[in-house]
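Order as written gives the chain letters A, B, C, D, E and F; numbering starts at 1 within each chain.
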Amino acid sequence: MSAKEGKPVLLEELTSAEFKEISRRKPLVIVPIGSVEEHGSHLPLCTDSFQAEEVARRVALAFGGIVCPPIRYGDCRSTRNFPGTISIGFDTLRMLITDILSELDRNGIDKILVITGHAGSAHMIALRLGAQAVVEKNPKLKVMFLSDYDLAYELRGKEFPKGDGHGGLIETSRILNIRPELVRSPRPKGKTWAPPFMIVADPEKYFPSGVLGDSTSATASKGRKIDDYVVGRLCDMISKNFGIKRA
Amino acid sequence: MSAKEGKPVLLEELTSAEFKEISRRKPLVIVPIGSVEEHGSHLPLCTDSFQAEEVARRVALAFGGIVCPPIRYGDCRSTRNFPGTISIGFDTLRMLITDILSELDRNGIDKILVITGHAGSAHMIALRLGAQAVVEKNPKLKVMFLSDYDLAYELRGKEFPKGDGHGGLIETSRILNIRPELVRSPRPKGKTWAPPFMIVADPEKYFPSGVLGDSTSATASKGRKIDDYVVGRLCDMISKNFGIKRA
Amino acid sequence: MSAKEGKPVLLEELTSAEFKEISRRKPLVIVPIGSVEEHGSHLPLCTDSFQAEEVARRVALAFGGIVCPPIRYGDCRSTRNFPGTISIGFDTLRMLITDILSELDRNGIDKILVITGHAGSAHMIALRLGAQAVVEKNPKLKVMFLSDYDLAYELRGKEFPKGDGHGGLIETSRILNIRPELVRSPRPKGKTWAPPFMIVADPEKYFPSGVLGDSTSATASKGRKIDDYVVGRLCDMISKNFGIKRA
Amino acid sequence: MSAKEGKPVLLEELTSAEFKEISRRKPLVIVPIGSVEEHGSHLPLCTDSFQAEEVARRVALAFGGIVCPPIRYGDCRSTRNFPGTISIGFDTLRMLITDILSELDRNGIDKILVITGHAGSAHMIALRLGAQAVVEKNPKLKVMFLSDYDLAYELRGKEFPKGDGHGGLIETSRILNIRPELVRSPRPKGKTWAPPFMIVADPEKYFPSGVLGDSTSATASKGRKIDDYVVGRLCDMISKNFGIKRA
Amino acid sequence: MSAKEGKPVLLEELTSAEFKEISRRKPLVIVPIGSVEEHGSHLPLCTDSFQAEEVARRVALAFGGIVCPPIRYGDCRSTRNFPGTISIGFDTLRMLITDILSELDRNGIDKILVITGHAGSAHMIALRLGAQAVVEKNPKLKVMFLSDYDLAYELRGKEFPKGDGHGGLIETSRILNIRPELVRSPRPKGKTWAPPFMIVADPEKYFPSGVLGDSTSATASKGRKIDDYVVGRLCDMISKNFGIKRA
Amino acid sequence: MSAKEGKPVLLEELTSAEFKEISRRKPLVIVPIGSVEEHGSHLPLCTDSFQAEEVARRVALAFGGIVCPPIRYGDCRSTRNFPGTISIGFDTLRMLITDILSELDRNGIDKILVITGHAGSAHMIALRLGAQAVVEKNPKLKVMFLSDYDLAYELRGKEFPKGDGHGGLIETSRILNIRPELVRSPRPKGKTWAPPFMIVADPEKYFPSGVLGDSTSATASKGRKIDDYVVGRLCDMISKNFGIKRA
């Protein structure tokens, strides 16, 4: 597992014949997913994408995998009315991932990791339903699907506060590690007071900062630790789930 | 808030004119959702329905609300290949709840509680998307949506084990409270060893007992306490969310 | 064929293992469908459901069949703007029945009766299209589909008036037999004067009573006779269509 | 109301400007629908179309209306597996009529007659749902929708046998009147013995003749009488429904 | 290849048995498509249909093929807001052709020509996608799909002006050949000045004449030559593509 | 208009507040679209994306516009069975562009350029239909949509051969200009001999080289000239269409 340096094999740069050749080795293929979404006053709109793509890069290097062109549009719900959020529909996202995985399957790929930096519950289900439909058509296809936040948030209640979330300490630290030049000052803290379990058309009304947690103490070295943790955990599971070893 | 006794106003029994009359008072209308789903060797297929309908009954009595005919079919994923599971599609469920809430809205109802006993994540999102679409058309409509398990599982890590789940101690206790004659012996314990984050076509292969947790120590009185807790928490939130008082 | 007493096997109460066991005997499985729909000033909104569920109960007892949880929401057209009508969409209903029958088929069930108390023509076609799609996927699956009113109305022009219909003499008599406590007084008579073959957005304008026929002379004993007739006719056809004998 | 002679205004022959001019007079616009469907050994595949188009022609002449290009493809169910049947899907037909009526509405047309020669129940509902959707968007649009067989079959049990149907005495007589050169000899009789209310994938198995009734005594003069009856009844209803007089 | 005289075998006139018999010879089946669309001040709304149907007629005579009932409704974009245009939706058209080709395939037909007189790019793609879906299900089915304007416009820059188009010299000449009585005087010239590559909601604003080119010098004999060219080119390609000879 | 150097404003890097601020100035927003598609033995799979993104970059610099995250998946037809092609469905692409443009519209953006490097006709129509739907909802929104190949191919028959196409001289030259390190040797020539107008399931069978034209004489300086031509033409049209001046 490598550092920030190193460029994995990118599907976009291969020729058709090269891809055919490589695909015979049955490599792990990684599909990174993000979003274009408000992330507080300090973080860029594609914060989710940058993180998923960084994890994809490191995992690809670790296993000699191939990284697909990222999908940088996701289904955003609680932030959907903020300026700059470009949310695509649930069905659009479901169809998009279905199509891409079907095509990878048609190409003989049998090991796929779908990793999403955005982890909204509808977004996650759209991706899961799409992946499930493809796996049900070809049960021999192995698809692993998660958000890097499924792992990063394992650190909450340990080194990081329990309530940390969207645009908070963990996310800010990770972007400080990955794209430090894109983190603005000052850094905000915030919370939501949306009425519990209510379906609302205007979630931003209860969430003016657009941030969950306190980003002020974020540092690049914290981010580096989180990323190492996420990538480490993920690589361990990949090894077991797909029965492959790190390069 | 009442005991197991007592029958609330049921939409199914009202005439059109009676409904019109009652709806002028802007009552809380409750839509209970369940599933037809494997629930271990000891619990009936409609376990989820029985719980949601019991909570609906008690909440309706508490607030003078109206209970709609239950939807007893849900979107079941991890148990979908077990005998007796009758799972409906994600889109079917989404459309069904959309239609029902739209019609309640057309009838001038402005306070709706959708309560589901089944809490699978795709099932939840199907219901949430449907509710959200209706609220976005009429933002004045107040819709609260949750599973009783969003509340019941707050007791995990306290009086009940952390890993308790589907068909486990909490669920078995609740059915012992609500429909004791339907709980068979002996009571199972079980777990799942599905590979983490893998999309599989045969989840039952990793989950032969169909049960998460240990149901052997379940009792009706534990079930009663859980139900009281769920109903109490829920009624408090309803009071605040809708600005109404218990009858 | 039995009287009003007796409870058939209910899918909702079976465990997964019990269902598996019973399904080996290839029982008749019955899916009752109703509606939530205006039924005059004297009858409850779920009038259609109560009748279909009563017929389902008696047929299940007659053949040792299993009754599925009812679908109590239907596609209502001419009454759709009345207070209390909760009409679901044509496609929703079509998908719902498709899903349920597909799942019964997946479970190895090979004899299904779909019986609907609501008999609007769009509602009937939605159910028929759904059933047809499932049968075309598995032509060995035997599905019988009808409304109890396909049979009850055979008595029109005989013991009952020709023009009797929605909420009229036959329907009121049947509810007096099945759920007498739910029939209000006084009993209405009514008709529709909708312009023939016109597609209108406001059918209720031409149908203020919401009743077709004269319900004043309805009695429980007439209802009992009608129900006996419907159940008798239906059981005869079931025996022939499925090649099974009454229990 | 006229004889077989006479050609009405055909939409297909008008220029854009002429149509604009005529549409200012708010004419009745007629959309004839048929099918391509087995009709016994003696009748052509477009039997349904020929009848609807003939009725459309006569009605248009009677009221100075405009006839749209016919839709000659319908949704055929019981004959769908016979050679030569070209059945389009339920949703296709529903969308097709929705689009056409929407466009007529956009063009300022406010009186539309949709007349179908094929009268299968799913086919009828597809057309009805489409028409209803357009009327609900613009309730001022007046749409009348029926099959000429809704009227022709009023003669059953009177001058014609009760059980007469598809490709039978009435239909054969009408084609002898409208397109005599297309009726082959000998003329068949037939019936169906499909099991009542069963959903089957192979309806033709129970219906080898593809004919309901006895076509042997059909004559052109009977056909003429039927057509006159249908057109007469229809024109009376049109006058009342749309408030217009025959030309 | 024949002149304007001669009537080919029409699907609409065959009986089921005759069709079965003929289809054993594996004939070419032709599906003509048109539109109901503004065509200048001089041409009728079904101009596109008349041309495609004439080509279909001549091709059918040339190869002993069968002509299906035409689809006279197409997807019109740039003329969609003109009086008299009746445009059907992209998906409607796609489904319609999919259904018809699927049914021809089910009937054992293996050679199909889909010929459209309307050649708007969305319309063409709708038809192409439908045809492609059917061919992908049965790759042995041979489907040829084009507009007669794919061929007629090969004459632009030769005998006819480069910029000639919708309702212009070529189209007017062809209608003068096919349906001379339907061409009005005087004949217009026109052009469009829509902003290049802009997606506009009101294309007619930039295209008031609804005509591209100069129709004043159109003659029937020019039309005859164009039609002969189109039919000749088409028959040559049909011979090669399907491996059949002219009758 | 600038050289290869220079980085425009990227949506992905802006914060929500920055985007809000910039969007007040009503900037041109550019959505680049590509494909993952076989491009001969010498060019990478994302050849189409690289070109569209380069054009987007230069146009954004020229007008002070904002570049959105690219969509790198397109609808590929003739190359869809080649190794490495990852084609998404027509409807997926249509919905994706609809969602993105709708969200830009919601954000107050009123000038959008959608530029696609892939120019297959179905792909183009999917994008066009999506854009059209959004413009019809808000006719004040100005959307310009084209492929850079709509412009680059204006040079065919002039400096470049008429038949040049997919992976040929023009495309190879452009990639030599934009991403020279990704062009492999030797460079192929090729053509297709697909039967004209036939709908085939296996287009690659007639197109083994996957290349149209002769790429051997391609050079970076030719590519530079082509790109300058495309960007120049495009900027001129943008100025007129949107009424804006180059920065």
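Just so it is clear, contacts are C-beta pairs under 8 Å (C-beta built on N, C-alpha and C of every residue); 3 or more make two chains touch, one makes a residue touch a chain.
This one's a predicted model, so the numbers in the text were calculated from it and none came from an experiment.
Touch-path distance (fewest steps) from subunit B to subunit E is 3.
The set of chains in contact with subunit C as well as subunit F is empty. Of all chains, the one whose CA centroid is most distant from that of subunit D is A. Compared with subunit C, the chain whose C-alpha mean position is the greatest distance off is F. Remark: among chain pairs C-D and B-C, B-C carries the greater number of C-beta contacts. One finds 49 Å separating the Cα centroids of subunit D and subunit F.
Per-chain Cα centroids separate subunit A from subunit F by 26 Å.
Annotation for subunit A: no residues touch 2 or more other chains. Judged by the touch criterion defined above, the protein chains form a single closed ring in which each chain touches exactly two others.
By the touch criterion the chains form one closed ring, and its order from subunit C via subunit D is C, D, E, F, A, B.
If you check the complex, the residues on subunit B that touch subunit C are 11-20, 23, 36, 38-46, 49, 68-73, 82-89, 91-92, 95-96, 99-100, 103-104, 107, 182, 184, 210.
Looking at the complex, you find that subunit B touches subunit A at residues 77, 90, 121-122, 124-125, 128-129, 131-132, 135-136, 139, 142-146, 150, 195-202, 237, 240-241.
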